[in-house]
Amino acid sequence: MARFLKKRIENKGSAPGTLIFIGEKKMEESKLSIIDFNKDELKETPIENTSDLIPYKNSDSVTWINIYGLHNTEMIKQIGEIFDLHALLLEDILFTGQRPKLEEFDNCLLTVVKMIRYDDSLKQIHSEQLSLVLGTNFVISFQEQKGDVFEHLRDRIRMNKGRVRNSGSDYLFYSLLDTVVDNYIYSIERIGEQIEEMEDDILDRQDKTFLNDLRVYKREVSYFLKITRPVLDIMMRMLKLETELIKPKTIQYVKDLQDLVIHCSDSLLTYRELLTDFLTIHQTDINNRMNEVMKVLTVFSAIFIPLTFIAGIYGTNFDYLPELHYKYSYFIMLGIMVLAALNMMFYFKRKKWF
Amino acid sequence: MARFLKKRIENKGSAPGTLIFIGEKKMEESKLSIIDFNKDELKETPIENTSDLIPYKNSDSVTWINIYGLHNTEMIKQIGEIFDLHALLLEDILFTGQRPKLEEFDNCLLTVVKMIRYDDSLKQIHSEQLSLVLGTNFVISFQEQKGDVFEHLRDRIRMNKGRVRNSGSDYLFYSLLDTVVDNYIYSIERIGEQIEEMEDDILDRQDKTFLNDLRVYKREVSYFLKITRPVLDIMMRMLKLETELIKPKTIQYVKDLQDLVIHCSDSLLTYRELLTDFLTIHQTDINNRMNEVMKVLTVFSAIFIPLTFIAGIYGTNFDYLPELHYKYSYFIMLGIMVLAALNMMFYFKRKKWF
Amino acid sequence: MARFLKKRIENKGSAPGTLIFIGEKKMEESKLSIIDFNKDELKETPIENTSDLIPYKNSDSVTWINIYGLHNTEMIKQIGEIFDLHALLLEDILFTGQRPKLEEFDNCLLTVVKMIRYDDSLKQIHSEQLSLVLGTNFVISFQEQKGDVFEHLRDRIRMNKGRVRNSGSDYLFYSLLDTVVDNYIYSIERIGEQIEEMEDDILDRQDKTFLNDLRVYKREVSYFLKITRPVLDIMMRMLKLETELIKPKTIQYVKDLQDLVIHCSDSLLTYRELLTDFLTIHQTDINNRMNEVMKVLTVFSAIFIPLTFIAGIYGTNFDYLPELHYKYSYFIMLGIMVLAALNMMFYFKRKKWF
Amino acid sequence: MARFLKKRIENKGSAPGTLIFIGEKKMEESKLSIIDFNKDELKETPIENTSDLIPYKNSDSVTWINIYGLHNTEMIKQIGEIFDLHALLLEDILFTGQRPKLEEFDNCLLTVVKMIRYDDSLKQIHSEQLSLVLGTNFVISFQEQKGDVFEHLRDRIRMNKGRVRNSGSDYLFYSLLDTVVDNYIYSIERIGEQIEEMEDDILDRQDKTFLNDLRVYKREVSYFLKITRPVLDIMMRMLKLETELIKPKTIQYVKDLQDLVIHCSDSLLTYRELLTDFLTIHQTDINNRMNEVMKVLTVFSAIFIPLTFIAGIYGTNFDYLPELHYKYSYFIMLGIMVLAALNMMFYFKRKKWF
Amino acid sequence: MARFLKKRIENKGSAPGTLIFIGEKKMEESKLSIIDFNKDELKETPIENTSDLIPYKNSDSVTWINIYGLHNTEMIKQIGEIFDLHALLLEDILFTGQRPKLEEFDNCLLTVVKMIRYDDSLKQIHSEQLSLVLGTNFVISFQEQKGDVFEHLRDRIRMNKGRVRNSGSDYLFYSLLDTVVDNYIYSIERIGEQIEEMEDDILDRQDKTFLNDLRVYKREVSYFLKITRPVLDIMMRMLKLETELIKPKTIQYVKDLQDLVIHCSDSLLTYRELLTDFLTIHQTDINNRMNEVMKVLTVFSAIFIPLTFIAGIYGTNFDYLPELHYKYSYFIMLGIMVLAALNMMFYFKRKKWF
């Protein structure tokens, strides 16, 4: 499947805003869970029925609703109705080939980003779409699959560490994005280490795997950049939004996060440049080696081919070939051969060919 | 014919605003059809005479007028007169080598884009010019040929699915553009799949077809980018327009569409980069292979040429060549040859030449 | 002569604003002609004496004054005095190595552009500087040589076709620029056709002319881009000017022209990219061919050199060489040779070398 | 360790604003020292206890507090409490993989930059993070290690040279940054000298060390650019800040510093371009040399292989081989050989192959 | 010495604003001269003592003070005191490794640019720093060495040609810059001519000097661009300055100058691109030639090596080798050889290898 662009074709004929899940069905059942908290209390309940969510809509506490699995469009539609979400917002969530983006709606904010996991053995980045909806007192997160990077964050909420419990939904929203970006940095670092390791081998390795590694890393860095760059736009726009949803106190944190994303993008660009340099240097090195090979061939050929020719002449069976009959002919021939060979060697030595 | 730039030469001498059809005549007859609808009613009539269009000009319902074939300049002129269209607008529609663009007129909006169809067997993109005129209560679409991508949209209007029937001409206008962009995404995905398939072969295939494929995809991606980039400008300008023609409610949809176009352009840029990388890697791989070939040649030559020379010496017919007459000369010679060959092989082994 | 930058050295010591003609004198005599028109009347008179121009300065009709040949600085100075033109404006007109530009003066507007002619046989672009001065009721055009691209325009004025006769000097000014840009498009298309023709040959031709053609087209496209890009700036600035000289009605036409210039520049950039791709692909193709050549050499050498060596051994004249005297020695040797050759061929076959 | 991106992973799970030191512990103990001065007096005292810093918070004099070693998070937390520093500010200081940045807080300004040291023998840049906090009457500098580039500045303060003693904390802050940038320039110059030295060798050296040097310099220049570019952003933002912390008098100095940083970045970009050119030229040169080698091989082979063949024919032992028995056969053969060789040599001479 | 970045290291420890001359001492003595003029009068006097300059500070006439040689820091300090120049301004003048820049001070404007001289024989650009200080009624120019490009300008002032005598100090300031830019254009043109001359040779020359020339021109063009680009910034900022020092009348001239500088920079970019293309084409041409060489080698080897092998077989001395004893064996062998050779030639001919 085209990895750089997900299929949207099933949707081609349908009206914009129609809810159609576009993506691979990555798990059996959609799951729904909530964490509802304020400074003093915390409630964590598994939700069976979407209607259980209604009381949380206008509560005073902060509610984090998490959904795993997007193929249950009916459930997502119901959630949309409860929290009064725009049809386009829901459509964006279900189309998993989305470009990361921020969209402002009347009553909420949608951010779609990619969660990254770097697979060391495959040397490949796995990404999953994460959609975050920020309302005045809730955050809804939509994930393609079970298993995420937010366990630490949940622990912090549960144990009341850090500022999350004392802050509003905007800080929770920021914390989720911060966790995602932290994972970007971790993955880039993993790739970076492997790329920098390649560097030491660059003038020694000449096998195909080296070239293949180069190619793979280049592709992954390109792919990562494609994911990261729009996140930069998201941060930039988030700082310029004239919304009440993000409080001034949280802005400083978002700025900090923006710096991290710039850092990611800078590092990826530097790695891409490094890999391009590696390729050019590798190519030059191959040419250098070929030159070496050619010199060996040429030196051997240029020395022995003429000598073989001389021997060939005296191997002819002409009746009348006077040199054959002198006593020292053979030794003279050998002498001439040695001189010719030395001469050639001297010539190649001067040319620094060996 | 120059594909990247259509002939405008026939028009060279004529006054700007003179109606001249520039392009290939792609069908026999120009055809005209309308769909007129509002929330409750729908009327679909083939139109024989342009004057039949007059009642639709100031009606309350939304009218979609579609024209196939542009060579009937007289008909287009009449339509222009009925709907009060600027002379330059009509000229733009007739010049099929147009760069995609958005132009604002006093009473309407013109958008010229390319409709894309990807031909798998030819690995080539076919594009056709589509001009859309948005008025307060009508949309006029001009196509070069019969056959388009809008059948699904027509069905939605007929069956009153989605929002089209309940919205104004601006939403219809948006829906047409949305359908065009959906086709872009589908085509890019088709190309993308084929490019990503090539990747697996990159270190195995060395035939000319591979190089040719690379070239063809590169050209098509370039061509596609040339079509897509101006569409981005169109979207950007559409969001900044201070026009009453596009209602605030529709703006959110246009933003969504803009994101999709950015997605297209991003993907095309990534594919272009990928193809450039493929080419470099392919070239390095060729050099690698040549190096292999050279090593084999050199190893064989460097081992056997000196040995042949030695044999040559003892093939000479000198009367006095003492070594020939000793009993073990032949075996000593063979021994020396084996030693020399082993020596060379050891040397090449150490150089990792085989 | 440096084609990408014209000599301004003769002017090095002189004060800015001194009138010195810089360029080649391309014709014997400077020639002056006018077309004076309004809606109803048209007067076309050859002008002998610059003082004949005085009545046209404040007339109600639109006057187009055209000058061929720039070396008659005296005449140009007199025209400058009559129409009250700034000294720097006149200097700009005379310096034919000018970068295309738009300059706003108190009472008039100066545009300097290049008129393009593409010479098919030389595969070269010829450019000539055209300076246009727009006043409230006149346009003055300065050309280096007799012969221009405006004959169609003149006919339209004479026969009162199009809008020129009914519009002011700004529309005439626009029409002149439009004609120039139409010629750009025609030339780009001519080059484009030839470039796209090359594409089919890219994997077949290996002669030097191909490489030379690539080089020539690359240079011409670069040169053309250098001429076109500043025209884009001119258009952009023209739309932003706060001048009374260009009436609102004409603005729509200028926008249309701007689109055409963007189209030109886009096409040139795409062609440049295409040519760069051609070069890389051509280079890869050369390497591919060399690889083929090397394989043939290696296969022949690796098969026959060892065999020749074996034959060489039994060509030696040792007194005691037992194999020579067995009855089937010769046939055994032949057999071994055939086996060795088949072995090698099998090895090379597996390596897909032939 | 990935040099282009420092580990932030240890921090992955912790709440933003939690103080965790991220980096290598580069020294045993954290050290704290202050210089407190005004126009007339100077006090320099080693500080044992962070509480000793309290009186300096609201003093009239300017206080420069310097901390070496960042692993003592407790101490840094206490300093933060005394001077009322934001939790994110402290977190930024402790994360040594920071991208250089400027951050504005309510009561102070944070700048994080890299201090550079160029190691000639390793041809490598060593960088250490420096965080500067500017308050109304104090500057706090945080360094990773003991040993810095500020000794000259301290001397100037002690001996009351220049403007530092007569200016506020903002000038001290500027002076620290100026010293850091001066070291950038010095390092770039050192790298530059070595790069420009390489240039003379470019067509002579063909060993691997040359290629390796190219690679190393390219990487270091990339790395340096990655450090310098954000400093440019810092300068730009510093000039746009609407803060009372930087007085108008100091702005002129910051502008001057900005020019220096642009100079740095310009030079690095030029060096990068130079190195890329070197690589291409080196590669072309290698190809040129290979061409030379090939010509020698071809000339030798093409002359002697046919001659050896001729000799081979007359070395055959056919019973009936008439040429063998004529008297002058041998000399005729020699003559033909000389003619053939001359002929080939003439052919190669004309091709300019030797 | 690093040419792209001048040493500022001597200054590393000193306070900003301390006057230290950084650069090579290019002449024995610093020299001072003035030209003082207004519409009617002109006074040109050599100045021995800086105090002689005091009367010119507030005079009504325009005074041009020129200083050759910058190592006499004492003299420059005194001039600074007389004309009330900022300490940073003087420091900028003395640091000859300055990036071209414009700096606005309270009472004056500083512009630092490079004066260019192109040395044809060395194919190298020599640059010298020129600092211009514009005050209300004076211009002070600081040059590193005696000998400049302003002699023509001085003559124009002396003979009252052009506008200089009738205008203020701002026009003089402009005239100096205009002269400097005229020299840029002249130098670029000289380089350009040589580059365009190279183009004809590109497919003929294969010696090292060609490659070396390419390298040298590339470097010089890079260097020139590095000097020219900041001049563009200077022009842009000059047009945006809100200063009384430059009168509106002069602005038109500055705009004209800006166009020239853009022209310079455009031309340099085009030449850089041309040179890069040259290099790629040269490289492809080398590969083409190598291919030719390889083909010759392969054709010779593939034809003669098998033939030599056949001859080798019949040169063996086996007792029982039946073919040797037939009467026509020799002729049959010759025949087979001719057929094999013809066959190979036909094969190579079909492959278009010769």
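Per-chain numbering from 1; labels A, B, C, D and E assigned in written order.
Definition applied: a contact is a pair of C-beta atoms (placed from the backbone, for glycine too) under 8 Å apart; a residue touches a chain by one contact, two chains touch by 3 or more.
Predicted, not measured: the structure shown is a model, and the values here were computed from it.
Undergrad: Just to be sure I understand: going only through chains that touch, what's the smallest number of steps from subunit C to subunit D?
TA: 2
Undergrad: Setting subunit A aside and leaving every other chain in place, which groups of chains remain linked through touching?
TA: Leave subunit A aside; others remain one piece.
Undergrad: Where the centres are mean C-alpha positions, what is the separation of subunit A from subunit D, in Å?
TA: 25
Undergrad: Could you work out how far the Cα centre of subunit B sits from that of subunit D, in whole Å?
TA: 41
Undergrad: Scan subunit C for residues touching two or more other chains and write them down.
TA: Expected reply: 283, 287, 290, 294, 297, 301, 305, 308, 312, 315-317, 321.
Undergrad: So with touch defined the way it is at the top, what topology do the chains form here? Options are line, ring, star, complete, other.
TA: Chain contacts: single closed ring, each chain with exactly two partners.
Undergrad: Counting contacts the way the document defines them, list the chains around the ring, subunit C then subunit E and the rest.
TA: The ring, traversed starting at subunit C in the subunit E direction, is C, E, D, A, B.
Undergrad: Which bits of subunit E are touching subunit D when the two form their complex?
TA: Contact set of subunit E toward subunit D: 1-9, 11-18, 86, 88, 92, 98-99, 101, 103, 105, 206, 208, 211-212, 214-215, 218-219, 222-223, 226, 229-230, 279, 282-283, 286-287, 289-290, 293-294, 296-297, 300-301, 304-305, 307-308, 311-312, 314-317, 321, 323-330, 333-334.
Undergrad: Which residues of subunit C touch subunit B once you look at their complex with the stated criterion?
TA: Touching subunit B from subunit C are residues 152-153, 155-156, 161-164, 174-175, 178-179, 182-183, 185-186, 188-189, 192-193, 196, 199, 202-203, 252-253, 255-256, 259-260, 262-263, 266-267, 270-271, 273-274, 277, 280-281, 283-285, 287-288, 290-291, 294-295, 297-298, 301-302, 305-306, 308-309, 312-313, 315-322, 353.
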